[in-house]
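Chain naming follows the written order as A, B, C and D, and within any one chain the residues start at number 1.
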Amino acid sequence: MSARWERREIVLRTTATGHRLTAPVFWCHGRNERPLAYIQANVHGGELQGNAAILALFDLLEKEAPRGSLLFAPRVNPIAASQQIGDYVAGVYDFGSGQNFNRGYLYLTGPSRASSAPYVDVDAFSAVHRDATLTEIRDGFREALKAALHAIRESAATWGLDTRLEFALAIQELAVEADVVLDLHTGDRAPRYLYAPEGAVAATRAFGIPFVLEVPPRFAGALDEATFVPWNDLSEAFKRVARSDVRRFVDGFTVELGSMNAFSLAQGTEDAKRIASVLRYYGILDGEPDDPAYRISSCAVADYQSIAAPAGGLVDTVVSPGSPVKKGDLLARLVDPSLCGLPPRSADAVIEVRAPEDGIVILYHAFASIPKGARLLSMMTRVKPL
Amino acid sequence: MSARWERREIVLRTTATGHRLTAPVFWCHGRNERPLAYIQANVHGGELQGNAAILALFDLLEKEAPRGSLLFAPRVNPIAASQQIGDYVAGVYDFGSGQNFNRGYLYLTGPSRASSAPYVDVDAFSAVHRDATLTEIRDGFREALKAALHAIRESAATWGLDTRLEFALAIQELAVEADVVLDLHTGDRAPRYLYAPEGAVAATRAFGIPFVLEVPPRFAGALDEATFVPWNDLSEAFKRVARSDVRRFVDGFTVELGSMNAFSLAQGTEDAKRIASVLRYYGILDGEPDDPAYRISSCAVADYQSIAAPAGGLVDTVVSPGSPVKKGDLLARLVDPSLCGLPPRSADAVIEVRAPEDGIVILYHAFASIPKGARLLSMMTRVKPL
Amino acid sequence: MSARWERREIVLRTTATGHRLTAPVFWCHGRNERPLAYIQANVHGGELQGNAAILALFDLLEKEAPRGSLLFAPRVNPIAASQQIGDYVAGVYDFGSGQNFNRGYLYLTGPSRASSAPYVDVDAFSAVHRDATLTEIRDGFREALKAALHAIRESAATWGLDTRLEFALAIQELAVEADVVLDLHTGDRAPRYLYAPEGAVAATRAFGIPFVLEVPPRFAGALDEATFVPWNDLSEAFKRVARSDVRRFVDGFTVELGSMNAFSLAQGTEDAKRIASVLRYYGILDGEPDDPAYRISSCAVADYQSIAAPAGGLVDTVVSPGSPVKKGDLLARLVDPSLCGLPPRSADAVIEVRAPEDGIVILYHAFASIPKGARLLSMMTRVKPL
Amino acid sequence: MSARWERREIVLRTTATGHRLTAPVFWCHGRNERPLAYIQANVHGGELQGNAAILALFDLLEKEAPRGSLLFAPRVNPIAASQQIGDYVAGVYDFGSGQNFNRGYLYLTGPSRASSAPYVDVDAFSAVHRDATLTEIRDGFREALKAALHAIRESAATWGLDTRLEFALAIQELAVEADVVLDLHTGDRAPRYLYAPEGAVAATRAFGIPFVLEVPPRFAGALDEATFVPWNDLSEAFKRVARSDVRRFVDGFTVELGSMNAFSLAQGTEDAKRIASVLRYYGILDGEPDDPAYRISSCAVADYQSIAAPAGGLVDTVVSPGSPVKKGDLLARLVDPSLCGLPPRSADAVIEVRAPEDGIVILYHAFASIPKGARLLSMMTRVKPL
């Protein structure tokens, strides 16, 4: 029996001329409604490859009817995708508000900074549900989160729904349903790497992605955090009332599928295999996840460090993203011809940038010309095997 | 005896081609080094009028040698001032990072979110200075704040100074010296209005500005907060060790001098008079502050509310910024001709926006065309006389 | 008998996410299909007021059924209208191609620079139609122009329709039908003024707009030229075969309705009256055009001169747009505080800009801060009464 | 004897805050002042590689003192280099004026469209110099061109120097001195290719670049044309007075060094070798030019055709830039997931783009997401060996 599919459109923004910028949402109903995965791509306008992964998953699901269900939102941000000036898409920050499109989600178990939004009090919830079954807790808490989203939408009736809220609600109203959320991004110039919730080791290994940044359960606005932090808060609240059996029921991952501005259907097939393995882990697809083909290196997000360019200039990279480096290794040359004296020599134009610590270079700035102080590169430090 | 002047340049950014974007700083040494005012203008690239006020203050100081001293930084943000696309300057958000240029300052008595920055522990400071004189406390705390700034700069030696830090440090290294800080901004389409620290009533009245938003002592990244919140924290810490004589020694104000993209030397003379009155209040100029010519209306910043545009469209404003309105009053028409049916009638294109509460309309969106969800207007509610 | 209305949508652009950016077109069929006016507004994204005029014309046409017919395209450029960065719309140049949206139309009686587009050879046409009636000539030439547009669209089948062509064709396929075209724009900071074809004196007077720039019959890419220059070329071609009775049958005007970023429904009613007067002149509405209320000043477009800012700085304007000035009169102060020496004086910061000739100041740059070399203001010179 | 070097700065723009955006110019005086080459890089802000070539030429000139002289302007456009929004530089079009930075140069032997600029009348010049020696003609004509540039600068005294003129003059006042001009650009996603003046076969072969677009002697605003077209006009004028010995004395090339946003010092060494070979051809370096290592393919610029994207979407490229293709070959897939039906299949999302003719694919759009109608790719057609 093949899966049953539905499609609808969500509205992310309405322009000044009244055009509704929508994203298509494809809902694949498998043999069971749950577990349910929510997979979106391209929330940053220039991070394209996740769309190829989703298209390849469409084809995979035609061959392999899922045990659970899946919600897909490719090209989820039509606003950012059209922030094209000249040749390039500048899709991270909203041209209207400066807001990073992946930092404006709502923290449903804590008051959001920018709004007097309703939220779920996990301690009150755990007190009331102290003797409930795990299923009652899971279902009840999800209903509570959905009620909070509904209340936020309602409370905007008086003063209006601002662009950040409208965007966040459109996406979180889908994501809140899921048992696992995959937010498909890319790095700047980067290999595949992964932001994974602390402690989700087995799920993380199922991705088979060699570089992992472990995200602590603290909300800073991203979708992965907006997904798993409330469930982590719930688990902690139950511990405070002496129930240690309430684990974090929901996970959220930010999956970085290579470099910004790269798009390949062929690579998408490979990416879909990685994602399928995770879906097997979560019981959404049948079968067992793959064993990772590589040794997996991880570090805490706090140990994922960036070098701010010590000068403005052209960027001549030295190592391939994904390479281990030792403290003092040359990582990049910043080149400014105006530094040349007379007679001019190329060496005069070069400022060398070296590794401040041992680690793994994960990404370089997407463009090979940057002002002083922009992020030149980011690297994992205090790396350990996962 | 006339004042002694010094001038230097601060560097706010270095471009990819190595050009240093600087701002001129003019230091007017009066009869005494203190009290000292720091006055900057145009941190948002399109908010111009503060520069006219500073120029008029230059002329005023030639006639009237000050008792204290003053530091002026007109055109303090050459980065934002050049974010000009087509006809207009888009100067609020950094094109490179999305950062609001007035939300990236450092909280020197609390850990900054985006950096592991050193900071001053006010409780440790108050414990050590429990028996110190007020002068010792004031001078000692200022030195501690300066040491924190220095330590932040030093700690960036390893991984580099990012654009936000470089910008914030350049300005805060000046502002930290001051007894009062005036950050000269404008609204979008607005009258003169003022963000003033809660409780600074007499100083606030000295401005003679009819609309006042009272800022609580909580840090959210703006320069006024970065200025007065640490001193407020200090005062609170001393209260915790039972010394109630340590008042908040330093104030910070955001002064909104009319509308974005307006610039008038003649109006600058009027604005300089308002500022001179405040400088008299703080003892930087001789004489008494002016009595306000108008009744002053105030509300808490939390009661300063914005209407998000309920639809995309053209904006036909109905009341003048600064007008009191009653709940239900028509405030604006949003106009979208595509809403017209057949035969088309202008009324079909109009969505009326009415006041959700009683209050005073302070500003309208700067541009007369906006997408759904953008801030259409902001208004004071729960207004009370100051 | 009231007019019959139709509505359809034209597509101006399809985004990278497949969203079609459309404009609504309202066709008012009066007692006769001809004469036909085509009236569009807001082809530059920040020039808004024409939309108010069109809405007011809708209401006027409900009261007064027209003798001829009218085609309206308000908000005709949804691409430009969404080029909003921060607070402002930068709507003149296409973010993707740099193209001024009002310089990319096709010259249907001469080869377009950027395309090997088919065109109508007026000399061949006049040779063939040497003995035709005026009606045959008019109708035949219009069909020839339409055939050229059709052929251009067809010829793009192989290599594709680029964004400029797609935009131009969508609009010119409407405009080509008309006997008079009004393209509603605004100046930067300006009064109402008018670009009118050379020689169209009576029609021009019917607008009652006090400032007129006379456009020679030479194509430079704008819609008014794209409209009337082919018909002028035809008239000239017939003169070459000794028929002087073939006047220019079609006129095109660019109507500047005040300042960019101003929008007022109330002013729109006034603007609609001006346009209605012109429609009476052309026989599309019944009755006689109004006599102009003011003396009308005109000059050739070649005598409409711009002052490039002699320095970067803040702009303090001195005269109201629309004011007559004498050579040597102060027009603006450019203000750069970094020019101040010690002690700083406001006068040091000021560079005065004076009129190089007698004339009438028509517009100032829209923003009060500009780089060196940007258009500071434009003024009519060699002004004569119309 | 080693070369003597000088350095100076040219000013390309002065910002609204008075900052002068400059480029460094390095003048290498060899054994003779002539022949002289002018080599600039990065006039489009995102086209970086030419800077690496210039730096490598600096090192080469330290080892090998030149016979003639060279003028270098790396990073010649600091305006464009700072047009960075988010991660990318949008450096082709001036944010202020929409002007393509490589289309605003002055045509010194024909009236420029946008200015009433003085120019040199080649027919008058050839009449006067009918009996002059070739050296007198060459030197005299260069002086005439320089006088025209001077007159243009002077004539701007009244109404001011606009940004386009200021930029063009700063560069052309250098380039006019040269016997050969190399303007170092890059394609979007492209191999090395070359725009060469029609007929300059031997010089063109000296580059050893496999793909050549032949530029006819018609001015369209680019620097290569601004360089050689006046000298071509002169040659033609002398032919009209029956002197066929006056060949085109000066050549200009646009050298495309790979892809936008690529920068490699190592590749720069290779690029410098190509340029050195050309400098040998022109007698600026000693020795003979290299024989090209590859078969060189060429076509007329008119046969260099672009495919406008037939739909908006993600771009999955199929062939490597530089590949020959046959009519009907698949070149790219445009991918829009919103085209998927139910159940969704990846194939539904794909629009195939095939070669309309035989040819060689030279470049793909720089970004892998584009709106409908943007240039998807460009290819040479009617290719012939050079």
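Assorted remarks:
Convention: contacts are C-beta pairs under 8 Å (C-beta built on N, C-alpha and C of every residue); 3 or more make two chains touch, one makes a residue touch a chain.
As the structure is a computational prediction, the values presented were derived from the model and not from experiment.
The set of chains touching chain B and also touching chain C is given as A, D. Greatest Cα centroid separation from chain A: this falls to C. More C-beta pairs in contact connect the chains of A-D than those of the other pair, out of A-D and A-B. We define each chain's centre as the mean of its Cα atoms; on that basis chain A and chain B are separated by 34 Å. Here the CA centre of chain B is 47 Å from the CA centre of chain D. As a whole-number value, the distance joining the C-alpha centres of chain A and chain D reads 41 Å. Within chain A, residues 15-17, 19, 23, 75, 81-82, 84-86, 89, 92-93, 96, 98, 314, 336, 338, 369-371 each touch two or more of the remaining chains.
Residues 15-17, 19, 21-23, 75, 78, 81-82, 84-86, 89, 95-96, 98 of chain B are the ones touching chain D in the complex. Interface residues of chain B, counted against chain A in their complex, comprise 13-19, 92-94, 96-100, 156, 158-166, 305-314, 336, 338-339, 356, 369-376.
Listing the residues of chain A that touch chain D in their complex gives 2-3, 5-7, 23-24, 26, 28, 45-46, 48, 51-52, 54-56, 58-59, 61-62, 72, 74-75, 81-93, 188, 260-265, 268, 314-316, 333, 335-338, 340, 342-346, 349-350, 365-371.
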